[in-house]
Amino acid sequence: MMATHHVMGVTGAYPMLVTLWLLPLAGAVLCWAFGPQLRGLAGWLASGAIAASFVLTVASWASGTQSAGGALGAHQYLFSWMPGFDFGLLLDPLSLLWTLIITGVGFLIHFYSIGYMHGDRAFARFFAYMNFFVFAMLTLVLSDNFAGLLVGWGLVGLASYFLIGFWFERRTAVAAARKAFVINVAGDVGIMFAIFLIVANVHSTAFGDAFAASGTLSSGLLFAICVALFIGAAAKSAQIPLHTWLPDAMEGPTPVSALIHAATMVTAGVYLIARCAPLWSANSDAQLLVGTIGGLTALVGAILGCVQWDIKRILAYSTMSQIGYMIMGVGVGAYEGGVAHFFTHAFFKAQLFLGAGIIIHNLANEQDVRRMGGLIKRMPFAFVAILTGVLSICGTPGFSGFFSKDRVIYGALQHGHPWLYAVGILTAGITAYYMFRLLFITFWGEYRGSVDPSDLGIRHPELSGVVDPDAGAGHAKEPADRAHHAEHAPAWIMSVPVGILIVPTVLIGWLMFGGDTSPWNGFFASSFPSAALATPAISELATSGVVLLLVIGGFGIAWWRYGTREAAANAVERLRNESVRMPAILTHLFYIDAAIDLICVRTSQLLGQFFGRLVDPLVVDGTVREAAFGARWLGVLVQSLETGLVRAYALVLALGAACFIAYYALAVAR
Amino acid sequence: MLVVAIILLPIVAGALLFLLPRDDRAVSRAAGTIVAAATFVGLLFQPAEFSFRWLSRPFVAAFHFGATPVSFWIALLLALCTACAIAASNVPRLRDFTALMLFLEGTMLGLFLSRDLLAFALFWDLMLIPVFFGLIGWGAHPATAWRYFIYNFAGGLTLLLATAAFGVLQGSTDVIGTTTAPLAGAWAPWIFAGFAFAFLVKTPVWPLHTWMPLTYSDTPSPMVSVVAAVQSKAGLYGFIAIALAFVPEYVHEYAALLVLLGAISLIYGAVVALVQNDAKRIVAYSSLSHLGLIVIAIASQNSLALQGAVVYIVAHGLFSAALFLTLGFVEQREDTRSLVRLGGLGAANPRLAGALCIGALAALGLPGLAGFVGELIILAGVYQAGYTWAVIVALIAIVLAAAYALRLYQGIMNGPPVEDLPVRRDLTWREGLALAPLLAALVVLGVQPHPVLEASTASAPPTSTVSR
Amino acid sequence: MSAGLTIPFTNADWAALVPIGIVAVTALVVLLVDLAARTYAPRYLSIAIGAAGAVAAGVVAAPQFGHDYSAFFGGFVTGGFTVVFEEVVLIALIGSLILYGSIGKAERMAGTTALMLWSTCGAMLMAGSANLMTIFLGLELLSLGLYCLCGLDERKTARESALKYLILSSTASGFLLYGMGLLFGASGSVMLAALTNPALANNPLFWTGAGMFLIGIAFKLALVPFHMWAPDVYEGAPLPVTAYMSVATKAATLAVFARFMYAALPAGSSDRLLLPVWIVAGLSMIFGNVGMLAQRDLKRLLAYSGTAQVGYILTALAGGTSQGLRYAIYYLTAYTFMNLGAFAVAAAMSGPGEEGSRIANYQRLGRRRPLLAAAMTFFMLAMAGLPPTAGFLGKILILSASVGAGYVWLGALLIVGTAISLYAYAKVVRAMYEREDRHATHDLQPFVPLAWASVVLCFVVVIAMTFYPLTPSNVLPLVK
Amino acid sequence: MTLFWVLAAILIASAIWTITANKAVYSVVALLLNFAALAVTYLTLSAEFMAVIQIIVYSGAILMLFVFVIALLSSGVAPLSVGPNRLPKAVAPAIFIVLVAFGFLAYAVLGATAVVAPAAGANLGTVGTAGVFGSVADFGKALFTVHLLPFEITALILMVAVIGVVLLAGDQAPYVATRRHAERVEREMREAILREGR
Amino acid sequence: MAVAISNYVGLSAVMFFIGVAGVLLRRNPLVMLMSIELMFNSANLLFIAFARAWVANAGQIFAFLIITVAAAEAAIGLAIVVATFRDEKNVDVDQVRLLKG
């Protein structure tokens, strides 16, 4: 064990920190235990817990956090399993950022859910899970060591599992939940392996110890640690090739998608890499790997986003793509940029999802954009919400996404990755295309809800991304008993959070204005290792211009295909043609799902059948049974010698006697 | 003297149960639960050692009882599991069954608390008998009883041979928990082999495991919850308390083989559990997998791994007991264990679903529950000891564990309700209370396993982190 | 004529024979009382007298423990070794008499009792004899009594068993006798002590003589391949006789073998000389246990069991250590009680005209007679060597002896054999506790308290021996 | 020397005849011849008392028993019959085993007899002379002194034989358990006699 | 003494194994008993021969006792044979096989 511990933050007693961490847990336990008694109050209780957490976060940062000896943040020691496995809470700028999003955006989504989930049979259970998720996520980001991080890591996976499979009577939801969980466990074991590497070399799981020792570790080891950590990050943040669970995760209620699968949990990978910045900064191989995968994910997510019909799946692929940006940013070393994109994305993506949730809610759970159309008149508020979100995600100048995304793209160039830079720019254009596609199909033209699905090309539900063919034609998925309660919810409950979110969606990016001198960079000054950067040939402004051009291009194509008056008039036919003529490689999502299924799932099932049905009973047990059978057979043989004939007995006796005599005649030493 | 009382109490109480009327159910169940709980409380008092000379020739042997730090936890686990299992049991001829359960507890307490190798061997064989009768009287197929009995008895015999040889060579078997000089000489490897065979059969480890799925699926749930949870730990405890203490060189010498067997069990059990349709068999094969991990931990002879092993021994006991009890409730309600037939019970039985869920999550090593602690620390230690490949195999198995544990849980509780399954009431208070201590202990140990982690450092002599 | 003939014996010589004399005279008393009072006497009178005589003999013999004396020029040696085996034989006698009193025919009570007593005299003589003549005569006295006892039943199978026993046993006696002849030829003396002459170590006469002598011994011990008679004879003979035979013959013959092995071999020759015996013991442990697997009759099963158990005892003796002898005696004692206990339960299962030895008849005994079933289970598990019985401790001791003496391969065979045996023993147990019965079961007759007492006694002893394992430590010096 | 070979020939021939004779009676006759020859052989070995006993006990008593039993079982004049042979293939193995065993025994023993040497100063004399080795007096003296115990045991053996045979044979005797039973049997018998008489 | 003891030993061995062969080959229980008597007699011959060789009358006495035992054994054996075959058609040990595995 190391004698000295490197603690990040200032160690002390921070009761507020502990309280804000445990409040959601208390809310979860209360909602779970007294759900039947609380009924509708559960939503208010849960939201209240999160709100209190948010307030405490702000308060504890403002009042309790100290800065001493180069360490900024609050560190609260909790308990120890054994030397090297000490647990504590750490609230430093990085974790503060996440905590604010988790509790802040989390509160809004909780509040929204009171309306969205109104009347659901398991209303209280939903909020128990949601609160539990917040607790788990707080555990993840507040932990001061890898083991605690892993605990949170696993628990958010669990919460995600529960919420994806919230409507567990639907086979698709159950399958999606399991898929998400198993892939996330695959990520967990990556982090576990990293922990083994760290423990074996540093004899501690504390971040401080690990980072302090990062200089002494060999580069190969460092690379191994980073790769192992990144497996966890990739699974959690839906990076290629572990992304396949994210679109399926849209089986969960929409607020869940907004909170977990857009704003917070899926960005845990970004957090992890940002948290382990000292490790990445010390190993350029890891940076290249992670940056490349992030860029690739951004591109692939965007491409796949262009071919989806389910409104939540489009948003899911966009999430994947945007996280790809973030990972690319933190991967290549542009930590502030990646983190900034997380920050803005949390707002605008929550905004988008909540807006989509209003649509889904109002259309009795219709999620297929082909069966929407013309909603601009029916739901102007939703249009505004989604429009601001789309503008932000596309990087319209002035909107928050513009600042953060450009920082990521330019960061790639700054850190010497021109190819990633190019990919980032390209992706931005594609993003504009598919987001405006979503907008136009949904809100332009005439309402198509009464058109026969087959006329819209909805013939093969699996082509629209529905996991399970049993589930029917891809609509009316949510249980009926909840649907007809829906109208009883007051509309303002769902509108208010969306309305509040519009503000940061539009404005929050200005925090990052000003490059290195921005308040954003100032806040994170002590959090990330600084690297001496060469000045690239292309300036940041030029980059923004190029990006803007491509975004306009993407918008133009979307307009040309879906937005023009002609397109709106022929929407039904055009959508059908697009559905039917879509290339197989795109409808099958580059066959990544199929490949994973074949390589991992089918193979292990096949092995299981082989061992379980053949090897175990026939070979392993067969040997034992043959031995037992042999003994019994010998028993029958011995018994069959007992013929009852005295002469036969005498013969055996004589045989034995002859053997004896032979031995004694021969063995005597003469 | 208290320690003897703790061992004898269940046995005597079990015999006294026969004084009750044959068809009595409530009283015998209550009495059994109270007796088992009393042993639990008694153990908490950390009873002093007790010794009574048994043999002077051919070697010194004594009825020497007393908890070592490791066995203390296993004994506590045993008492807890037995109390819960008896409280949960609802089988025909309950009086006789409860008596058998108490015999089982008494014999196993004797095993774990004995400080003498010969007494250990004695209880080793003795603890097979109640299970044998349980299988004969309550199991589905009598053949299983044979399989169980003879397979394990064969192990018991090699243990006996090894014990005799040990006694002859060392002059005394009154050694568990002491720091006797390790065995040396030509016989030592054979003695090690005798011990190892017995322990590996009992654990079990591939390819000696084939008695186990049958036994675990056929034995009535309350009994199998104790057998799977605690009896299977006898072998592992033997490795820790006997093999590591007295033949450490050979554990080291054959470590690669042991690790290999453990790793095969680990992955094999996980893969096979993935495709089983009998719910209890899934748990059975998962046990093969989980215990393989502990075998690896022990074979690695790394102090960190050993600490983790003790936690995992307790954790596996808790969650496998909970799982088997819950599956017993399911089977009792729906008259089937087949995942093909079951489904959608969660809607009508939230408490049952919750219990099964926690059990399954602990089995798949969810962080925050006790199983995770064990896995994490074991593998950290195993990695330190240099068996990187085994660590990777174990990590793959953890992913597979997630798959089969969820398949188990979802297959029973999730999905649309199955039409032809009878609708029965959710967990009763009695059943819920029987499960609660196990689940609570899983959470508590998952958060703070410190006292259990300390156990092996307090007792295990080989603290040398052998690095290859 | 009688001038030169003085009887050269002192009181000590005669005193050595007192236990045997008591038993022999008791037999006469039994017959005479029966003759005089058959019509009026209670049913159990013969048994009572016989058992009393046996107890008296046991009590009288006990003080001879520790008093070595070679009476009648070595014809009979008293001392711990002799006494232990005598007591074992007497216990077998008493147990069997009780069983006979429980289920035997009243009209044969006296004759059977007398013959058993006289057979016991033979067995006791074998236990004490250090002289080929007395060995042979003791053996024949034992055997002749047993031939008759086997046939004393109206069942045809009883007479068949007597015939088979007679023919095969006499043949084996022929081998034994021929071997004795060769031994006499080698040493010029009938004294066992004369065989220790080192000059004999390379004498073919001695070797072949020992070989043929051991053939006879192996036959009496029913070792594979000389065991073929045992299942048939055990099955056919009346149950109490089987119980008696299974213990007394083995104990007495083991005494002879042990004395031969420990006190009658030239130094250094025993390993090679006795190798076939150890091989045969190993075979017995395997095939004796394997043979049990397919049996459907308890007595046949116990016959094979006995074969295997003797193999275990010989495993203890292998190597010729003093510990080994001690543990062999321990196991023999344990076996005596386990075996008698099992037979006592079987006796309880006997119905009118039916000996309760078909395993099928034990179906559901666990429900019909739970205590009886529990007792049977206990004895079966004890024979299998499960704790907490003397069988378990006995196996440990035997293993330690064989390991200590370097005969690990025998220990390993013991392990293998025991593993196999468990299946067979547990088969009986399983039959008793199975839930549904597949065979019609016969009515059980009430079981007399005395027999119950013997069951309980066996139970208690087998348990007690586990926890207080008294192995007579000073036996060995008395062998010579 | 010649006498020995003659005797040996007779002994072997009669032994073979004993085991090969078709009828049990012939076997008895052959055995009688064998025993007689054996008695003579004993004489050549200074065992005069044993020679006498051999004739008296063996030939005179034991073989007579055999004859009686043959007569008893033959139910008059019909010979003892046998059923089907259930071990027809055992002859060759049996003979082979016996020959092998004999071969090994002979190989071991015949090469070894030279070891045996008469004790020095042995009191050997003409057979039939008093006081020499093997004479009745010499024999009796040893029997009643050194070997008294075995001799006494034979008494027990004979007792067992007597009682055992009585019990075996008396199997079919009417059994009288109690006095009341005895009286009933007696009454029934009397009535039966009376009925017969009428 | 003209004839070597080994001759007598050989002779007795021949007789002994003829007796053994009789037991193995014959089915008539009476002949089997006679074969056993042959075996006993061969042993007697051995004892007496060795008694002569060693000039030790223990051998003769042993033989004497063997004769006694043989007599008792013959008596009991014959009684058993009679009891067994009294009601049988054939006097043949092959026909007596109620007892078998």
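Each chain carries a letter (A, B, C, D and E) given by its place in the written order, and its residues are counted from 1.
As a working rule, contacts are C-beta pairs under 8 Å (C-beta built on N, C-alpha and C of every residue); 3 or more make two chains touch, one makes a residue touch a chain.
Small disclaimer: the values here were computed from a predicted structure and weren't measured.
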Mutual neighbours - chains that touch subunit D and subunit E alike: A, C
Chain of greatest Cα-centre distance to subunit A: D
Length of the line joining the C-alpha centres of subunit A and subunit B, rounded to whole Å: 36
Inter-chain centre distance, subunit B versus subunit D - centres from mean C-alpha coordinates, in Å: 69
Approximate Å spacing (C-alpha centroids) for the pair subunit A, subunit D: 101
Between subunit C and subunit A, distance of the C-alpha-averaged centres to the nearest whole Å: 78
Per-residue multi-chain contacts in subunit B, two or more chains: 150
Residues of subunit A whose C-beta touches two or more other chains: 628, 638-639, 641-648, 650-651, 654-655, 657, 661, 664-665, 668, 670
Subunit E: positions in contact with at least two other chains: 9, 19-20, 23-25, 27, 33, 49-51, 53-54, 56, 58, 61, 65, 69, 72-73, 76, 79-81, 83, 93-94, 96-101
Pairwise chain contacts, counting only pairs that touch as defined: A-B, A-C, A-D, A-E, B-C, C-D, C-E, D-E
Touching residues on subunit E, where the partner in the complex is subunit D: 2-11, 13-15, 17-22, 24-28, 30-31, 33-35, 37-38, 41, 44-45, 48-58, 60-61, 63-65, 67-76, 78-83, 85-86, 89-92, 94-95, 97
Of all residues in subunit A, those that touch subunit E in their complex: 638-647, 650-651, 654, 657
Sites on subunit A touched by subunit B in the complex: 79-82, 85, 147, 150-155, 158, 161, 165, 168-171, 174, 177-178, 181-182, 185-186, 188-189, 192-193, 195-197, 199-200, 604-605, 607-609, 611-613, 616, 620-621, 623-624, 628
Contact footprint of subunit E on subunit D as seen in their complex: 1, 4, 8, 11-12, 15-16, 18-19, 21, 24, 27-28, 31, 34-35, 38, 41-42, 44-47, 49-50, 53-54, 57-58, 61-62, 65-66, 68-70, 72-73, 80-87, 90-91, 94-95, 97-99, 101-102, 105-106, 109-110, 113-114, 116-119, 122-124, 133-134, 138-139, 142-143, 146-147, 150-151, 154, 157-158, 160-162, 164-165, 168-169, 171
Partner subunit A, residues of subunit B touching it in the complex: 150-151, 206-207, 209-210, 213, 268, 271-276, 285, 304, 307, 344, 346-347, 361, 364, 366-368, 372-373, 375-377, 379-380, 383-384, 391-392, 395-396, 398-403, 406-407, 410, 413-417, 448-450, 453-454
